[in-house]
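Some structures to go through are shown next.
Same chain, two partners: subunit A is paired with subunit B first, then with subunit C.
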Partner chain A sequence: MFLARRFLTFLVTIWGASVIIFLMLEVLPGDPALTMLGVDAPDSAVEALRRDLGLDRPATERYLSWIGGLFRGELGLSYTYQVPVTELIAQRLEVTLPLALGAMLLATLVSLSLGIFAATNHNKVGDYGVIGFSQLGLAIPDFWFGILLIILFAVILQWTSSGGFPGWDEGFWRCIQALLLPVFTLALSLSAIMTRVTRSSVLEVAREDYVRTARAKGLSRRATLWRHVLRNALIPVLTINGLLFANVLAGTIVIENVFALPGIGKLIFGAITNRDLMVVKNVVLILGAMVMVVNFIVDVLYAVVDPRIRIHT
Partner chain B sequence: MSTAATDPDLAGDGAPPQGFIRRAMRHRAFVIGFALTGGMVLSALVSLLWTPHSPTEIIIANRLKPPTAVHWLGTDQFGRDILSMIMAGAQTSIVVGLIAVSLGGIFGLALGLWAAARRGWTEDLIMRLSDLTFAFPVILIAILLTAGWGPGITNAILALGVINIPIFARLVRGTGIAMWEREFVQAARSAGKGRVRITFEHILPNITSVVVVQATISFAIAILAEAALSYLGVGSQPPDPSWGRMLSESQNFIFLSPLIAVWPGLAIVLSVLGLNLMGDGLRDLLDPRLARQR
Partner chain C sequence: MALLAVRDLTVDLQTTRGVARAVRGVSFELAKGGTLGVVGESGCGKSITALALMGLLPEGARTSGRIDLDGTDLLSLGEDALCGMRGNRIAMIFQEPMTSLNPVHRIGRQIAEPLRQHRGLRGAKARAEAIRLLDRVGLPNAAQRVDAYPHQLSGGQRQRVMIAMALSCDPDILIADEPTTALDVTIQGQILDLINELVDESGMALILISHDLGVIAETTDDVVVMYGGSLVEHGPTDSLFDTLAHPYSQGLFAAIPDIGGRHDRRLTTIPGTVPELADLPPGCPFADRCPLAADDCWSTEPPMRQVLPGHQAACLRLEAAAAGRANGGRGDD
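Now for the complex of A and B:
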């Protein structure tokens, strides 16, 4: 029952997203053909492009043909690259996905250790140090942190290049090396948020009655931490970490531009500059859909782990 | 506003409680945050009247100068004075933050109050719509607006405002619903007051502290997002001064003059840190119950 309801919401949200994207790009004032070609373009060229893009057809028909194409896995041709949009996106995901997942993994590892450390040293020097780190991590813009890393490692130490990506055919390790600084950059603000969440979740559970009971019956501090506190505190933490996936994807858009990585973020900016609306429309929908899929999976997993969720919703 | 209507637990609603300033002065995070935020606001205000040099005047002979007695933070690739640009850039950050937060705050507050008062399908609709905006990171929304309407600071502000609406709506709805359950609201209802009157007389005054804290934090997020959007070229456009755009321009000269990529970033960090610390401080000061739990 929970699953069915949640799945329905998921479908409705994706549908809603597609409508909003369509409205924003195609129905609102402004002529895409004119924007693509520029104001100085001759009227005949604009007319021809309008026909090519199918803009002379009514809006509902255009929407339905877009959605129909999505179901068949056909996203149309990119106007600038003249290749199917699906191909473009698949290519770019080879860079964006490792970057996003690497940052998620690194941030999770860092934040779990720091968060648990801070909570077990509550109100001591170590705790304040961790709080300071997370305050700073939240205030540092990730793209600036990336620039600082480039200054340190590429300009001063000259250990790496300032960006770029060789492509997976050029060797696995060279690619990993190219992704190292971007992953670190992306993981900074992420670990700052996750550390805060972990710390307060562990602290909250540590105040529960059953934890006091466990200590009272003579269980050691360490055993209580592992068996009672962490087991209960980490479920919400992992959920929130999953929900942060949207932030990570948004982050990759920025970070790819800092390190000149040919990922989804670079693609979408190129598309905007070239007025390639076909690419913009589909990439935004796919990014949104990825976020929604992850949120859906996280919700379902959470319900599996914690039966209270299933009953209450 | 009748003081009898406010919740005695929530010191700090409506009028500041006695000794608020004294307590605030003792709260270290709040004092640091307040000072940093004050510094940002002050430099923006001063830059309206005076900057050490013109933030837009191009003197190519002066390009990429290191910090000197004349140009304290050096000059950029066009010979513009960096300190002056940073001071003027504070204006952009503050304007964007103010408008975006007000936009999100006003609409979000209205929707949240409405959802809390009406419940039922209006509430459902509002919450589903806010789910939708949560699925879209602000950068994506801004990119969409830019793709449709062309790049510019207005679109960036709009995107940031839109993303703030559901954040405030959810917060206000949650706090509002809890307020509707309270005894003093029940009493007002049995006294025959209507939903609208109760919302304005009892609910609104009791949720201001939550909204103020959120506004501070949203302001900080808006500054970060504006910087990111301007860095990407879809935020403020030349010649308007902007910290984010200064950073993107500086990256082209990073091997010649790495320092120019440091200053604007520092300005962002200090502003955001200031607002976040001030927000945390305000939460402790305005809502003692939360402070006790921490």
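Now for the complex of A and C:
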């Protein structure tokens, strides 16, 4: 019941996002064809492009054909690349998905360990150390940290390449190696935020009455932490981590440019610069959908972690 | 020899305002199967004393004195040894049944935890024992409810679950810290009856902490009255309630609303508030609020004096207090 309702919300949100994207890019004043070609373009060329893009048709018809195309997997042709947008996005996702998910995974692992460590050493040296690290992680800009990593590992130590992506056909490990520095860079500020959330959440739950009950049963501190504190502390952590996924995707735009990775972030950056309407509109929708899928998964996990959500909602 | 002997127990807590001496030289004994009531206002050190017995004081607390359980000083035990005691030989139930159970685990699992910890019971055996315990504490439909989550139970039912949990390993001592305060009045009696019944049946000793004098009078053999972290009066329940030697005990008793009394009579209260433990003055902690206080009460710490055999009170003005009770006490109203 909870899941069915949550899934419905998910569908409605995606539909809403598609309407907003469409309105912003194609209906609001300003001629996409003119924007794409520049104001100096001859009228005849603009007209031709308008016809190519189907801009001469009424807005509702254009919207419906876009959505219909989405279901069939036909997203039109990229104006700059002259290849189907579907193909373009699929290729780029092969880079961006591992990058984003890798950064999420790494940040989650780091933040859970550091956050729990800090909370169990509350007001001791270890705690201050972790707070210091997270302060630093928040203060360092992503792109600058990326450049530092390149200088250290690619230029000085020469352990990895400074950027680029060989493609998955060229071997799994080579690709992982190419993604290593970008994943680290992206995970830095991410794990800084997540660590803080985890730490404060664990500290808060540790003060709960049921934790005292667990100790009164004779459970050791460690057993109490694992069996009674963590599962409850996970609830706010899940929320924040889900919301941060949007930041990760936004972060890929910068990181993929720093490391010259052919991913979605780089694609949309280029597409916006080149005013490649077909690409922009579909990529924005895909990015939105990814954020929504992640948050849908987070909600499902809620229900797994907390029985009260399963029954009450 | 007494089952539990507390000697000169002192607890210092770290607070934001500095070190607070929450328990000051408290001594009492509890015989096997005995029942002891601990009375006093909020903040008098009752709960801290209980947590000290459990070895569950807040971070940074310092203790001195002895807590001997069967001749073993609990204060000298390490954390591992204490874990073996808690829930096994000393169990505790708390004031807030609504928040004392973990919301994400089924109650059966929570009851099975001490069984697993101290008795090594697992799986079906632990589950069967949990059902038996739930049935014993009067939770209807125990075989089904064992799979319920805490939020599916009422406050009274949750307190029954807490009792089942405390009972699971047949402890020598059950500490009940205000076990009925958070419950509906109609449920309070049921829970107390249940605790009494279980104590009689199993022969475990009970320490009942309450500010409800009626509950204490009905339930316990002995009473200690605490104020400002110290024991101010200590004796057999009957003797203590008959005599009310200490002015503070008299004040507590006078503050009980009189159901049969006239409605226009104002409730008697003890003037002033409980002192901050961080800055208690020297002398008697109750001096500021005591109607009988004289100059030396503010300077001299009152020693425990015998009122009757086995019944003592810490007051310099015991005679004046006895006279006051004879003349203007509640019994003559």
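Following the convention adopted for this analysis, the second predicted complex is superposed on the first by the 299 of 313 C-alpha atoms of A that agree within 3 Å, B and C clash if a C-alpha of one lies under 4 Å from a C-alpha of the other, contacts with A are read in each partner's own complex, and residues count from 1 in each chain.
Heads up, the rule we're going with is that a contact is a pair of C-beta atoms (placed from the backbone, for glycine too) under 8 Å apart; a residue touches a chain by one contact, two chains touch by 3 or more.
These numbers were taken from a predicted model, which means no experiment stands behind them.
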item	value
Overlay on subunit A: subunit C relative to subunit B, clash or fit	fit
Which of subunit B and subunit C A:13 touches, first, second, both or neither	first
Subunit B versus subunit C as contact partner of A:305, first or second or both or neither	second
Touched partner set for A:214, first subunit B, second subunit C, both or neither	second
Which of subunit B and subunit C A:161 touches, first, second, both or neither	neither
Touched partner set for A:143, first subunit B, second subunit C, both or neither	first
Which superposed partner A:80 touches (first subunit B, second subunit C, both, neither)	neither
Shortest CA-CA distance in Å separating subunit B from subunit C in the superposed model	9
Residues of subunit A at both interfaces, subunit B in one complex, subunit C in the other	none
Contacting residues of subunit A [partner subunit B, same complex]	9, 12-13, 16-17, 20-21, 24-25, 28, 30, 35, 135-136, 138-144, 147-148, 150-151, 155-156, 162, 246-247, 249-250, 253-254, 257-258, 268-269, 271-272, 275, 277, 280, 284, 287-288, 291-292, 295
Of all residues in subunit A, those that touch subunit C in their complex	122, 208-210, 212-221, 227-228, 231-232, 305-308, 311
Residue ranges of subunit C touching subunit A (in the complex, touch as defined)	54, 56, 59, 79-80, 83-88, 91-92, 94, 96, 99-105, 113-114, 117-118, 149, 151-152, 162, 165-166
Contacting residues of subunit B [partner subunit A, same complex]	128-129, 131-132, 134-140, 143-151, 220, 224, 227-228, 231-234, 244, 247, 250-251, 254-255, 258, 261-262, 264-265, 268-270, 272-273, 276-277
